[in-house]
Amino acid sequence: MLIEIRNQAFDPWQEISRYQENCGLVPGSYGACATFVGTLRDFNQGDKVKRMRLTHYPGMTEHQLSKIAEQALSQYQLLDLIIVHRVGDINPNEPIVLVAVWSAHRAAAFDGCRQIMEYLKSSATFWKKETLESEQRWVSSGVNQ
Amino acid sequence: MLIEIRNQAFDPWQEISRYQENCGLVPGSYGACATFVGTLRDFNQGDKVKRMRLTHYPGMTEHQLSKIAEQALSQYQLLDLIIVHRVGDINPNEPIVLVAVWSAHRAAAFDGCRQIMEYLKSSATFWKKETLESEQRWVSSGVNQ
Amino acid sequence: MSITVRFFASLAEELGFDQKTLDRKTVAHKSPLTIEEVWREVADRPPPENLLCALNHEYADFKQHLKDGDEVAFFPPVNGG
Amino acid sequence: MSITVRFFASLAEELGFDQKTLDRKTVAHKSPLTIEEVWREVADRPPPENLLCALNHEYADFKQHLKDGDEVAFFPPVNGG
């Protein structure tokens, strides 16, 4: 299991590939891997976005990610999972979040991956502030984004 | 859009990475990428699987993949997608299928990716024959796998 | 009138062939010929349970009528992904 | 009795601080102190609509009671992923 809040840009596909090859996933044991990558768009609510600052609640956010990971692992009998979430200053086209889950069959992988993402959007203690052309603004609740 | 039936092993993460960087996805335009990778397990219905042969209906299968791709693109307003499906002799731990879809927001990406996978399982003209320790057998319908 | 008939997977194994061509001379029926009738012409057994068929690369109904040059396919339940 | 109080995101910007410590001397109430009362002690305004709070890194109810050493946090709706 890899759960990390990171303040540097990352390549999600390399992250998955490296983890899958080197981190204890037994070859031949998994039949399904579902992943989600959220990326910063350069456009939001009609405005051009130049940059975004993501903050979190150190201590609480890590604790939340561990809990949702454990819950998804047990509820969907997942074999393993990755959650990587950016914080700090993010440029358009940079990944914000990566969730990858491995399981024997596909339904568990899809459901587990989506449940983690819904939790991240609705409950994990992250906040976003966008830098537009001529102002900054806090992004309101991410539930429908 | 990349739709391919391939008779050689492939690395799904490299496939996605290469496509995303070189194939016309506009940086900053997509906020979500959902992917699914199906991999051959070394175990099925209580038996050790040594190998699997995947056959398809040349002409019809390609036609089906194009149609399901176009339908998902339009139904979920996806920005782009990849479908790569193996045929031929496959070893355990080799990817069988890759579906990746890009969209502005996450719900469309999850829903579109899953719809394509359900179609591949239920309707696309592929057939699987497993080589076990001491026999071969045809795998029955994949809807619940 | 000539119809190409294809068979896939376990069905081709059981029948011992994966393709046949039906031409007018071998067709005992008066037209129009249906997919169901093609099965009777080319196979020496009743259609298996769960048999699927396609006409010109689209899923089809066994009652569908055929025309010259059509490609009919018979196969067991599919299993992709 | 000492309570650490933290504020995040737009709320910290509006209040002009992101952390305060409440100790017994500054607390006017008789114990037990609730999260609601902490807000009244540290902020000079009514709680904003949609205000969320946490107690020791778990989401909490404003009516929850506090004990010495607790960490209380106030923040606006979250937005991860």
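A, B, C and D are the chain letters, set down in written order, and residue numbers restart from 1 in every chain.
By our rule, a residue touches a chain if its C-beta (ideal position, glycine included) is under 8 Å from a C-beta of that chain, and two chains touch if they have at least 3 such contacts.
In this text the structure is predicted, and so the values were computed from the model without any measurement.
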Report the chain whose mean Cα position is at the greatest distance from that of subunit A.
C
For subunit C paired with subunit D, centre-to-centre distance based on mean C-alpha positions, whole Å
73
Intercentroid distance (Cα basis), subunit B paired with subunit A, Å
23
Would you mind pulling out the distance in Å between where the CA atoms of subunit A average out and where those of subunit D do?
28
Considering subunit D alone, which of its residues make contact with at least two other chains?
81
Residues of subunit A that touch two or more other chains: which are they?
38, 106, 117, 121, 145
Checked against the stated definition, the touching pairs are A-B, A-D, B-C
Please give the residue numbers of subunit A that touch subunit D in the complex, ascending.
38, 55-57, 59-60, 63-64, 85, 96-97, 117, 120-129, 138-142, 145
Given the complex, residues on subunit A that touch subunit B span 11, 13-14, 16-17, 20, 27-43, 92-93, 104-106, 109-110, 113-114, 117, 121, 144-145
Across the complex, what residues on subunit C touch subunit B?
6, 8-10, 54, 57-59, 73, 75-81
